[in-house]
Structures are given as structure tokens and as C-alpha cells.
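Below is one structure, written out as C-alpha cells, with a few remarks after it.
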Amino acid sequence: MSALLTIISRNWYDIRDLSNLSNAILERIRDAGGPGWLVYVVSALLGAGGIVAFIGGAAIINIWIERRVVGRMQSRLGPNRLGPFGLLQPIADAIKLMQKEVLQPRVADALVFSVAPIAFTVPGIVVLAVLPWGRNMTLADLDVGVVFILAMSSLAALAVFTGGYGSNNKYALFGAMRVIAMLVTYEIPSVLALLGLVLFTGTMNLASIVLFQEKYWLPLVLVQPLPFLIYFISSSAELNRTPADLAEAESEIAGGYHVEYSGMKFGLFYAAELINCVAISAIMATVFLGGWWTYKLDEIVPGWMLFIGKIYAVYFLFVWTRGTLPRFRIDQLLAFAWKWMTPMAFINIVVVAAEVLIWTETGWSAGLLLPVYVAVNGAFAVALIVGWVRFMGPKFSRFPDRPRFYSGIDVPSLPAYRQPAPEATGIGTAPSSTGVA
Amino acid sequence: MIDQTAVVVAFYVIAASTVACALMVAAVRNLVHAVLFLVLTFVGVAGIYVVLSADFVAVAQVLIYAGAISVLLTFAIMLTPGADRRNSETVYQGPAFVLAGLLLAVIVFVVYDTDWRIAGRGEFAVTAAELGRAFFKPYIVPFEVASVLLVAAMVGAIVLTREEADDAF
Amino acid sequence: MTIKSDLIEVNIGPQHPSTHGVFRMVALIDGERIVDVKMVVGYLHRSMEKLAEERTYTQNIPFTDRMDYLAAMTSNLGYCLSVEKLAGIDVPERAQVLRVIFAELQRIASHCMATGAFINDCGAWQTPVMYTFRDREKVLDLFEMTCGARITTNYMRIGGVAFDIPDEFLPALDKLVNDDLPYRFEEYDRLLVGNEIILMRARDVGVVTPEMAINASLSGPMLRSAGIAWDLRKADPYCGYDQYEFDIPVGYNGDAYDRMVLRIEEMKQSLRIIRQAMHALPSGPHKTEVPLAIRPPAGEAYSRIESPKGEIGFYVVSDGGAAPYRWHVRAPSLINLSVLKEMTVGQTIADAIVTLGSIDINVGEVDR
Amino acid sequence: MPSDRVLATVPLEHVLILGAILFVVGLYLALGKRNAIGVLMGIELMLNAVNVTLLGFSRFVVSPRPLDGQVFAVFIITVAAAEAAVALALAVAIYRHRETVNLDEIDLLRW
């Protein structure tokens, strides 16, 4: 086995590292005397083509996964008629959307209305370009990758605002205003969550973050569990996914920002939502779950396959929360960010800074410190969450969860109803029996 | 390595579109459109920063200007619902135009008249780490002052816009 | 010193995912806060009360199916009781028990729908509604087994029920009430009762005070959530409900959360009643033979029963002919809806949707 | 400069002129616009223009510490963020009192 791996490594057919393949193609062009700009363009196109192909597939697959998984959660089957396991259902839906007439309200702001779906799609795609898909497989290896992805994810919400404003619809405007409020709020915890990671790893380069995890054999989710949760929650707010899908809030504002969109413009919104979701899942898979690195497994299985597997593991979390949780109200959601996640993230940064300081100043070995950090941070995250729930959580205890049971009718006398009774606010007498079903 | 021609072409394309967007900010008659064009301008300026091999500043520009400040502007527009949203000019439009033109002429003259000591320097290799070192070694005092300024601005903004607690939402 | 802004008028409905049909709520809002609400009903008006004056008493039963189409059995039952009262028809013992069984099954089906749709209004992505629909389907299977229809059952007849139950009904019912549903209701308890997000969304939202409830003559879970133990099955027993042992769950607070929990508890109480009724099911005829065109003596009768939505009353006036002279329905959905303005003004839109969902209206019954 | 050598990038002058154009557009906005938010947009644009210039200098001009231009740019971005927050808060506060943010109507120097 290992002999086989040695033979194929570094050859173009070594699918564990697709950069070999692209290098082989570029070599061929160069040997054939192709001009420098052609090599440049082809190398860009190869990476971009790969990512766009992934996005196209992912948008289709994600709809299917979401519908099937949520279907299972809802004790039904989900789409299973068209194609094997219903895999062709999203394609049929896309064709249906393309055939539909693209309506545009007469009072809509034409330019803004048309630009919004595109502006919403771009950031998610761009984020995928800076991610390390494999050991040498980063299309744009930015030194400031972490800040870049944060910047891009803030742009998507602006596009949502654009669409909501441009529709010139009251419901859409509600969605637009909600998304702006949520963006201002949820940017902060997500930045702070990733800041802790950057402090710990000492780099903002996503590929280096993966290499850090490879070096210490430690997925960062273990050492940073609290930022994982914070980033997950705040990105589900930025992605408009239940329990934070306030910008579209089907049951309240009837679709919110995309209420006026139809046809493929709506389809673009719909697909871009899934693409953004994949992008966020990919970011989380990269910085928290080790990206393409999975202990020794990535020497046998191609790293990019492991990475895609991890993306879908995180995506499953998003689907799971969507399938199980009701929606917050807007003020509750904002309060949750300001009163819970932001302070927690701040405290976490202080802790991480102290840990990094101990590490660098004492020079103790990582093998000694990191297990301690894992234990300390895990306990710390649990303690912080429990403490916050205890002291800051909504106090529902004054209301009993369960109703009273009466075996007969009992209508209280009410001041405004029968006779003036000074303190007849108490309703009913003591329960005459405790009912058991 | 990036092809040099590509950088030059990118610079001029981005510069032209940035200037066009900036002019549109002044020209459009709807304040929300103006904000959206301003976002495009900010993104274009970020592109210019990339060409000038300042990738950290470019990303910070997108994050802060395009992501945050434009949202703040939108927020302010939405929080002043009864105000005029026509993006109109005051009577100082003419003088401002003349002044701007004159200033541009002066700057162009100065730019071409000055002998810039050009260093034939390549691209900066790693800017983020170097910037971090600069912040924490020679510029530590300004850095701390900036953080104090941010806190002061935050508190100031909260105090200015605070409502009485009668109908806390 | 608040920001002055224009009030916006928003039409919530008639085409809106959360208005449970074609109910329309014209909300005047300030930001997200509702300043004023105007309720517009009548989009589903089919003038049933007038149409009924042209049809015989038996022919009117299908109308009641189509009023509260989520609780057709109880509507049937209420109407049949009023005509029986008017014409002085006795109902056989077996039919009484069957009526109780089907009315309680219908209560379970309707409350399943109400609970699921309520959580949907809270913003869940269809999951609770799928769970409750799954259980509602099982109840509807029993209806189909008995009378061939699932929604508009048209099962109750003047003088009894349309058909006797088939042989396989009782085993199926036994399985349902003893094996399936108790487990399902425990599942609802685990999923919904005490869920933090639902507590945050529904606690202190849409509060009905006891004064409000009585002054507006609310009924059903709306009334009981306000802390008033009133249930027509106890207060004015019909169909022999006084023979069964069950409790009235009563809320403390009158808010949307209380109403949701009450519905779940009421479903459990309904199971209790069905279990007792199953064992007490006597043999005998399922129907008193009455002429097809009943001609009750001139007079009037009002009968009321506890439908899932509240007190549904049928007021029938006869002039001695084959068709009622006047037919009026006291629709609980409409009357429970009348406090919507008091409940929603001052809330956010999101809370207003939750409030509306917790009332559990059925527009077919509101508009008739 | 030998002719066979590829030009490093665009000349510094062009960068500076780009900065100048953005600056004067911002200046025009800041002086000419009626809405306070429009004025603020002009100010942000001017700060951006200054940043372009600074980064141009940092990239091209001889300096012992060439990255200082970028450091300054980051500081300017920080200051701009603070300034935008306060200025917009001011605009909202003024709007509450006067129901306008038009600068030619807020010239009484009092609330």
C-alpha cells in the first residue's frame, strides 16, 4: 500500500493533490512553447473552474441533502422520485425556476433590484477561492485569509439589504432592515471568535492554520470549543438560517427580502444562500476541524475529499438546527448577540491570550501544554455557558410549565363582572385534582 | 508570480471604475443609491490597495468600509425616515465645484512638478505580520490611543443616540 | 425623545403564510411595533346560514363540515344536537358513545393541527407541524375507516350517527389511543413544552386576562388559558359526558404558551375519555330512525358543545316546515378573534403572528 | 531607467492623481451636499483618497521603513470608523430634535 502511494505521489494522476495535475498541464503548455500569459490564464482558469464546478454541484446537492435530511427529521421521505434517490429533483426545480417569468414590480428600483441577486452570490464564491482544498491546493493563498472571509461574509448581508430595499415592498423592507441590524450585531462575535483562533495559531493564513493543526495533531475545535459555537451561531444568523432566519421569516414577513423575486432571480438567491452556507461550512471545516488534514488519513484518502466531507459534516449541523429550532424574535436575537456571545467571545480572547503567553514565555512543550489547554478550554466553555445561563438567562421559573387541572368548572368572580371584590384577582381556588392522562 | 502587465491593466481598470462610481455618488439623485455606489467605490479602492501590494489594508478596507461603514450609513438613512433623501445640493454646489476643480489642478501640478524619489522596490512579501510588528514596536502609543479613541467613539455614539428607557425594545 | 417615523400600513393577509386561510389583518405599524390593527373577515363567506334556510335539516349537515373543516365531527355533532333538541328525538346509547369517541378524536386532530401550526408561526421550519400531522393522519384514518371521508366527514346524523363502526375499528382505535398517541404526546412534551425558544417567543405574548376573556365571551382554550375552568363538557354535559372522568387543564397566565400547553394537555384528556368510552361502548342501534325530511314542531332550540376551538352553538328556529326558518351559528373562531386587537396592539409583528396562531382560528368557521 | 526593463507597476503619479480625483469628488460631496449623511459620505471618500495616496507613497517612495504608509492607512481607517460612528450618531440625534438632517436648515448652532 505504502509502496503504491510512493509510486503515484508527485505524478499527475495522484488525485490526493490536484495541484500535481494542474502543474502537469501547465508544464505541457510551457513545453509546447505557450506564451507566459497563457500559462497564467490557464492556471487561474483551472482553479476557478474547479471551484465553480464544485459550487454548481454543491448548490444542487445541498438542496437535495437539506430536503432529504430535514425530511427524515420530519418523519417523511423527502424527494425520492426523480432520478436515483431523487437526486435529480433539484435540477428539475432549477429548470422550473428558469422557465418561470421573471417579474419585476413596476415601482421597484430596477437597477438595485437586478443587481442584488448577483451581489449576493459573489461573496460566497469568492470565499471558496481562498480556502485550502488540499496540501498545495489553494487558489489564492492570502496572508490575511481570515480577515478576507470575514469581509466577504459581511458583503453578502449588504446584498440582502440591497434586494430588500430595491423591491420597494413593505415586507421586503422589513427583511432589509432586519438584516442590517443583524449584520451590525453578528459581525462582532464572529470576528471575535476567529480572533481567538488567529491569536492561538499566530497566523491569518488559512493554509497555515491547517498546517498548524497538522503540526500539533489537534483540530482547533478541541482547543477552542466556545468560538466554534459562537461562530456557528453568528454565521447561522448571517446566513439567514433558522433559528435566525429573520430576514426572510416566512411565517412573519412572508419571505422578507426576496418576497418580490421570481424566476431565476429568486433561484439565484436560493442557490446563493446554499453557496454561502457551503462557504461558511468550509470556513468552519478549515479553521476548526482541520481542513484537509485528518491525522494520517489524508495520506491515503485525497485531502480535498476529506475536506468536502468535513464541509458536509458542518452543513449537516446547519440543516439540523434548521430542522429542529423555531425562530427568535429580532430583539431577542440581537440581545443574544450583545449580551451573550460578545462578552463570552471577549472573555475567551483574554483566556487564549493568556494561554499563548504561557506557551511562548515558558517555552514548555506543546505536547504538555495542548492537552491541558484542551481540558481547560473545554471546562471553561462549559462553565461560561452554564454561568451565563444561570445569571443572564431568561427567568421563566415564575411561570409554571404545566397547567392546573380542575375536575369541575370554576368561574371566578371578577371585579368588573359580577360584584366589586377588592382583591379578587386570584383566579380560581386550589386545584381540586391533579389530572393524570 | 503575478504578471506585471496584468497588474498594470488591473490598476487602470479598477481606477477607472472607482472614479466612475465616485462620480456616481455625487450624481445620483437617491441617497440609498449613493450609498450603494459608495460601497462600490470602497471595494474599488480596496482593489487599488491590492495592486499597491497592501493586502491587509485592502481586506480591512472591505471589512470596515464596505461592510461596516456603509451599513452605518444605511442605518443612518433609515433612522432618519422623514429626512430628504434626494441627495440634493446646497447653494454651495457651484463654489464647491470650482474649489474642487482648482484643488485637482493644483494637486496634478504638484504631482508632476515634484521629484518623487522612487525606489525600485518589488512587492511587499508579507505585510500583515510586518504591520503587526510595526503596531506593537514603534507605533504602540498611537495604537493604544486609537483603541481609546474607538472606545470613546463607541461610548459617544451610544450616548448621543440613547433613548430614554421608557420604551425599551 | 424617540425617532419620529411615518406609520406604515401593512396588510397581513389575505395572502400570507400565517393567517391560516384568508383572514386579513391590516396592521398600522411603527417600525416593527403594531400601533393599530383592523381585522377584515369575510373572504371565505359562503352564506351558509342563508343557504340553510332552503334545505332540509339533514341536508344542512354537510354545511357544518365545511365551517370548521378541521373539526367537522364536532360541528356535525353540535348541529345534530340542536335539531334533536328541537324535534325531541332520542339518540340511542351506542350512538351517544360513538359521538363522544369521534368528537374526542376530532379534538385530538384539531389540536394537533393547532399545535403544529402554532409552532410553525413561531418560525419552526415545518418540523412540529409534520409530527402533528403524522398523528392527525392516524386519527383521520379512523374517520375514513368509519365513514369514508377524512376531513368533511358528514358522519353525525339527526338521531345518531351515519354508520356503525366497522369490525376493525375498535382494534385500530385501541392501538391508537393506547400505543401510538400517548407516546406521541410525550414526544410533543419533550419537543415543545419548556423549549427555551418557544418560551421566549410565546410567554407573555398575546395575554388574555380573565376580565377580557369573560367580557368578550371567549371560550375554549382561550378562556381556559386565562385561568377560568370552564368546559361545556362539564358545565352543560351533552352526549353523556358527565359519565366520563376527565379534568379541565387550566392555564395561569393567559398567554400563547399557556394555550399551546393546554392543547397538548387537552389531547391527553381526550385520550382518557376515549379509553373510557371504548370500554363503555354498548351494543344496540347506532341511529334512531327519523324521516328523511324532518319537520320539527314550530319553535326554537339552541344547543352548544365544546368544540376544539371553543363553544360552538347552533341556534335553530323552525316554523314547522322541512327547512329551518332561521339558522345561526355561534362560531368560536370568530368570537375568539374579537380580542385580537387588544392582544396585538403594542406587540411586534412577530408576536402578532404568534398571537394569531395561538388563537387557533379557522377561517371557514369565522366567515361561514 | 533602461528601456528593456519592465516597468515595475504603474507610475506613482497616476496613483496620486487617482487619489486626487477621489479626494476632490469627496470634497465636492462634503461641501455641496445638503444631507448630512451625503456630506459624511464625502468625508469618507476623502479619507479613502488619502489612504490611496499614502499606500502609493509606501509602495514607491524611498524610505527606511516603507510599511509605515500602510500603518498610517490602518490608523486612518480606524479613525474613519470612529468618526463615522459618532457623526452618524450626531445625525440621528439631530434628526430627533429637528426632524431634518439638511445642513442648510441646521445652521442655528443650537439644538
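All chains are identified by letter, namely A, B, C and D, in their written order; residue positions are counted from 1 within each chain.
Assume a residue touches a chain if its C-beta (ideal position, glycine included) is under 8 Å from a C-beta of that chain, and two chains touch if they have at least 3 such contacts.
Everything quoted here is computed from the prediction, not taken from an experiment.
A simple rule picks the central chain: find each chain's mean C-alpha point, then take the one closest to the mean of all protein C-alpha atoms, which gives A.
By number of C-beta pairs in contact, B-D leads over the other of B-D and A-B.
Measuring from the averaged C-alpha position of chain C to that of chain D gives a distance of 64 Å. Centre-to-centre, using mean CA coordinates, chain B is 5 Å away from chain D. Averaged Cα coordinates give chain A a centre that lies 29 Å from the centre of chain B. With each centre defined as the average position of its C-alpha atoms, the distance from chain A to chain C rounds to 41 Å. Shown for chain C are the residues that touch two or more other chains, namely 1-4, 32. Counting partner chains per residue, chain B shows two or more touched chains at residues 56, 60, 68, 72, 75, 79-80, 82, 127, 169.
Chain contacts: chain A has residues 331 touching two or more partner chains. Across the complex, chain C meets chain A through its residues 8, 10, 16-18, 32, 119-127, 130-131, 134, 182, 185, 193-201, 203, 210-211, 214-215, 224, 226-231, 234-235, 246-253, 257-258, 261-262, 265, 268-269, 271-272, 348-351, 353. Against chain B, in their complex, chain A makes its touches with residues 36-37, 40, 109, 111-112, 142-144, 147-148, 150-152, 154-155, 157-158, 161-162, 165, 177, 180-181, 183-184, 187, 204, 331.
Considering their complex, residues 4, 7-8, 11-12, 15, 18-19, 22-23, 25-26, 31, 34-35, 38, 41-42, 45, 48-49, 51-54, 56-57, 60-61, 64-65, 68-69, 72-73, 75-77, 79-80, 82-93, 95-97, 99-101, 103-104, 107-108, 111-112, 116-122, 124, 127, 130-131, 134-135, 138-139, 142, 146, 149-150, 152-154, 156-158, 160-161 of chain B touch chain D. Of all the residues in chain A, the ones that touch chain C in their complex are 70, 73-76, 170-171, 174, 242-243, 245, 249-254, 322-332, 394, 396, 399-412, 414-417, 427-428, 433, 435, 437. For chain B in complex with chain A, the residues that touch the partner chain are 3, 5-6, 30, 32-33, 36, 39, 55-56, 59-60, 62-63, 66-68, 70-72, 74-75, 78, 126-129, 169.
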